[in-house]
Amino acid sequence: MGEAIYRTYRVVARRSEGSVGATLILDGPLQAEPGQFVMVWLPGIEERPLAVMDDDPLALTVRVVGPFTRALAACAPGDRLWVRGPYGRGFPVRGEQALLVGGGSGVASLTLLAKRLMQENGHVRVALGARSSDQLMLPWRFRELGCELLLATDDGSEGLRGTVLDAAEPSLSAGWADVVCACGPEVMLLALARRMEGSDVPLYLSLERSMKCGLGICGNCYCGNRLVCLDGPVFPVQEVLCLLEPPP
Amino acid sequence: MGEAIYRTYRVVARRSEGSVGATLILDGPLQAEPGQFVMVWLPGIEERPLAVMDDDPLALTVRVVGPFTRALAACAPGDRLWVRGPYGRGFPVRGEQALLVGGGSGVASLTLLAKRLMQENGHVRVALGARSSDQLMLPWRFRELGCELLLATDDGSEGLRGTVLDAAEPSLSAGWADVVCACGPEVMLLALARRMEGSDVPLYLSLERSMKCGLGICGNCYCGNRLVCLDGPVFPVQEVLCLLEPPP
Amino acid sequence: MAIDMRVDLAGVSLPNPLVLASGIWGSVAGTLVRAASNGAGAVTSKSCSLAPRIGHPNPTVLHWGHGFINAVGLSNPGAHVQRQELARAHEELAPTGAALIASVFGDTPQGFADAVHVIAEAEPELVELNISCPNVESEFGRPFALDPDAAARATEAVRAVYAGPLLVKLSPNAPELVAVARAVVAAGADGLTAVNTLGPGMLIDLEARRPILSNRVGGISGPALRPVAVRCVFELAGAVAVPIIGTGGVSSGHDALEMIMAGATAVGIGSGLYCEGDGIFRRVLEEMEQWMEQEAVDSLDEIRGCAHG
Amino acid sequence: MAIDMRVDLAGVSLPNPLVLASGIWGSVAGTLVRAASNGAGAVTSKSCSLAPRIGHPNPTVLHWGHGFINAVGLSNPGAHVQRQELARAHEELAPTGAALIASVFGDTPQGFADAVHVIAEAEPELVELNISCPNVESEFGRPFALDPDAAARATEAVRAVYAGPLLVKLSPNAPELVAVARAVVAAGADGLTAVNTLGPGMLIDLEARRPILSNRVGGISGPALRPVAVRCVFELAGAVAVPIIGTGGVSSGHDALEMIMAGATAVGIGSGLYCEGDGIFRRVLEEMEQWMEQEAVDSLDEIRGCAHG
């Protein structure tokens, strides 16, 4: 029956992500490129974009910020989710030494990339930042995949005290990476982009914007003259540098 | 541009078919099985089913019986035709010694079959009948293809005096054919079917019914519980024997 | 547990909810019985009027990629000829268990009544009034189905001559659809069929530089119509208590169940016969049953109208 | 000879007839200018009201296989914010030669006038009144576009405060479409946009057992709408003398030429941006030119309205 808009999944397992969210492992696969997103509908509540954290089985990682994410993070095994997608352009799977930089829920955009890169025998370093240890998202997943973890917390409760950029800095200044991929709050992305200005290492940024259609029609997800759902969410830094919102 | 309903062709050459009609050679191919038909639209006049007389280039043979066929037969080189299709189930291309039996405009359903059979190195005998010599349709085409022609006219002006069945009779009684395919007036088809009753040589009949959609929807082309455009126009004799209209 | 697909349509029991829509596969016993033998729970004959009608010249029915557009122009052999064919159909349908729905139309309320009077002799299980054909507008003026009063008058006139189960077929083009439905129910309709074709629409051939249909405009059916048809059924089911045949763009078990959830009692299929022929009935039934098993739904009653929340 | 694709739309010269439809790609200078740089001859901003509106919660826009269904609920930042963005868009559009069409709506005739009054300061080349949005019915009652009088009142109110080129956007759901068109032209409209979305329609999710759109119903656009849109344009072109932007399901040169032959001066494209983005404008233009060359048609004037015979 090919007419359904959504594919329904059931939650098979729920794992909490520190104090800020949860990862939901679902009961079936979804073929997706790393960095692509899905639209997740909770009937009666809302529909929102979420990164494909893993593809087989499909897994989502959610950080609670409002009503939808609260409801989603509260899902228990057996509960149903409605999913359409995947949508958007993802990260290129390339580079022998890849540095991934993630903050907040953006970390979920990087796990599938890490998996693919590891499958291709790449070396993957992952810099993750959070306010404190119990807000770090998905470090367990990158460990599982065999990535090298570089952690930073504002309060120093885990990894070095500082920002995710501080955690990435040694690799950046050593010229270790031949590609850098990042997702997280826009101030973080902007800082990373500025840090790497002049470098010829390619930098890809995954952006987040509020979305309605996810299909490149409604214009809701604009970022300058780009549509995040159609042209992104992943962009080479050159395409979006001047469009990133400066810190308030 | 994939949205057009009709493909337009131009007439490249017109050849008159005795005194009763004409063959129009068009300016492009149409991939079709032998026995399939197309719907031909003449804007402002009508749209009617016609057999695919030849496929590359597409050619049609028309016998004048009313307003549409009159207009079509009057087309000159350069004129345009609107074509949709091909539609329907055609003749099976099988048999090493095939006997084709045609009358009236039904002859046009058999030429592409003859071509395919000859391509497969079959032996093809074609029995054609008409009232008189100048009403025989498409004998030139079968000759061109290298088929053996068996002609009959009511007035004996060409071939033997008699019906197309008389022309076919020697081949039938000699058991020459391993398959028989026929198209023409229903009384002719019925007579042929009766003549072959008890024979184990497969007989395929191509029927004609007035059509609206050609697509198996409107029901206009019913013949008993069959739809000629959907289930036919070619049927194994067993499927339609009891449905054929007896002579009035 | 086997799933029970039977439904009660205005007092008539159908072996399953799928109904061959009017105008599809014509009105002869042969094709109607064939559809029933291959799984239709009821079959609707092509709309017929008292006097025979030739209909519009070709082109009359086209597939345009997202459904059909048609302006057949209600060609039919007239009620007297149709009655004989339907009587035969009625007889031959008996062993299949499928019901015969005789579709009728007229140019005036009396015209409806006169045609029904004749057709009723064939003893169809139900009569359906086609007050919603958009393809004869230039001839008859706006369809009855766009106006609650006109719709009610046609229904009343028929009710006066026919006591059996009576359906009225509505138009997706009616701006006051619910008002029309209430009016025909008040006038005696036992059920509704929703919907007839949408629009009308038009296709133009670029090379011919003119509209393709000889009638220039025609009604839209098939996939393109589906969401509008579902909305109509949903609206109607929320407003009237009679059973509804939900018709428009159904081509899968998914679509049929969507109609049921919108509140339909039975589900009409017309354009869905394209390509697949009457094989669609069994496939749709199987897809419905498969979904019901998966979701542990034992009967259609359990989910009928559930989308109303 | 090079084909001249320029058209005059109510006194405004467009480099080509293709128009980005309202509500597609939003209302920010960035995306509007991008569409123009990639071939649109004019761009329409998303409909805006005097006060900001949040619109409906998600799901609001879905692709269902034969087009879109949407009930965005006219979310917009309000005329004062929109004015600034459109002023910027207007400036940045200048080098492209494309015109800016500012779409406006209101809940009363005065609401329309108030919003236009503010938006006009951005100096769009044309203003378009969206009197036909079907997705806020529960809030505002029936769209103005279904009623000739209501439609005329909104047009008049705007005409009183705005002297520039004025388009009114009509609904394919209006049973008296031509009457509405005559009324708005008499009230001062310089042109028509035909059409807005169809229906409304509804999709139900089987597992959720409820309508998918949070607004339950939404307007149908894209391929499913095309034949109805063509019929509307054909009817209108035969009835009024003002230019028409023919909008609805256009996704190829074929479709655009069909609209022109039905009588459209320009051709709107909305849902067509699905998958292809604004690359559709150049492709459609190329396909149009290719057909015109083949058929030895030198200008659109030669074929405009030719389907009327």
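Note that the chains are named A, B, C and D in the order they appear, and that numbering of residues resets to 1 at the start of each chain.
The definition used in the following text is that a residue touches a chain if its C-beta (ideal position, glycine included) is under 8 Å from a C-beta of that chain, and two chains touch if they have at least 3 such contacts.
Keep in mind that what you see is a predicted model, and the values were worked out from it rather than measured.
Colleague: Listed by label, which chains are in contact with chain B and with chain C?
Modeller: Per touch definition, common to chain B and chain C: D.
Colleague: Return the chains shared as contacts by chain A and chain B, ordered by label.
Modeller: Correct list: C, D.
Colleague: So which one's got more C-beta contacts, B-D or A-D?
Modeller: Of B-D and A-D, more C-beta pairs in contact link A-D.
Colleague: How many angstrom between the C-alpha centroids of chain C and chain A?
Modeller: That pair's centroid distance is 50 Å.
Colleague: Could you tell me the distance, in whole angstrom, between the mean C-alpha positions of chain A and chain D?
Modeller: 37
Colleague: Distance between chain C and chain D based on Cα centroids, please, to the nearest Å.
Modeller: So the centroids are 34 Å from each other.
Colleague: Can you tell me which residues of chain D touch two or more of the remaining chains?
Modeller: 64-65, 203, 206-207, 210, 254, 258, 291
Colleague: Would you give the residues of chain B that are in contact with at least 2 other chains, written as numbers and ranges?
Modeller: Expected reply: 3-4.
Colleague: Mind giving me all the chain pairs that touch?
Modeller: A-C, A-D, B-C, B-D, C-D
Colleague: Where on chain A is chain D touching in the complex?
Modeller: Contact set of chain A toward chain D: 3-6, 8, 39, 41, 43-44, 46-48, 80, 82, 212-213, 215-220, 222-227, 230-231.
Colleague: In their shared complex, at which residues does chain C touch chain B?
Modeller: 23-28, 30-31, 33-34, 46, 57-65, 68, 70, 72, 203, 205-208, 210, 212, 270-271, 273-275, 277
Colleague: Considering the complex alone, what residue numbers of chain D touch chain C?
Modeller: Residues of chain D touching chain C: 64-67, 69, 142, 146, 173-175, 198-204, 206-207, 209-211, 216-217, 220, 223-228, 230-231, 234, 254, 257-258, 261-262, 291, 295, 303, 306-307, 309.
Colleague: For chain C, which residues are in contact with chain A within the complex?
Modeller: Per the stated touch rule, the residues are 251-255, 258, 287, 291.
Colleague: Inside the complex, what are the residues of chain B that reach chain D?
Modeller: 1-4
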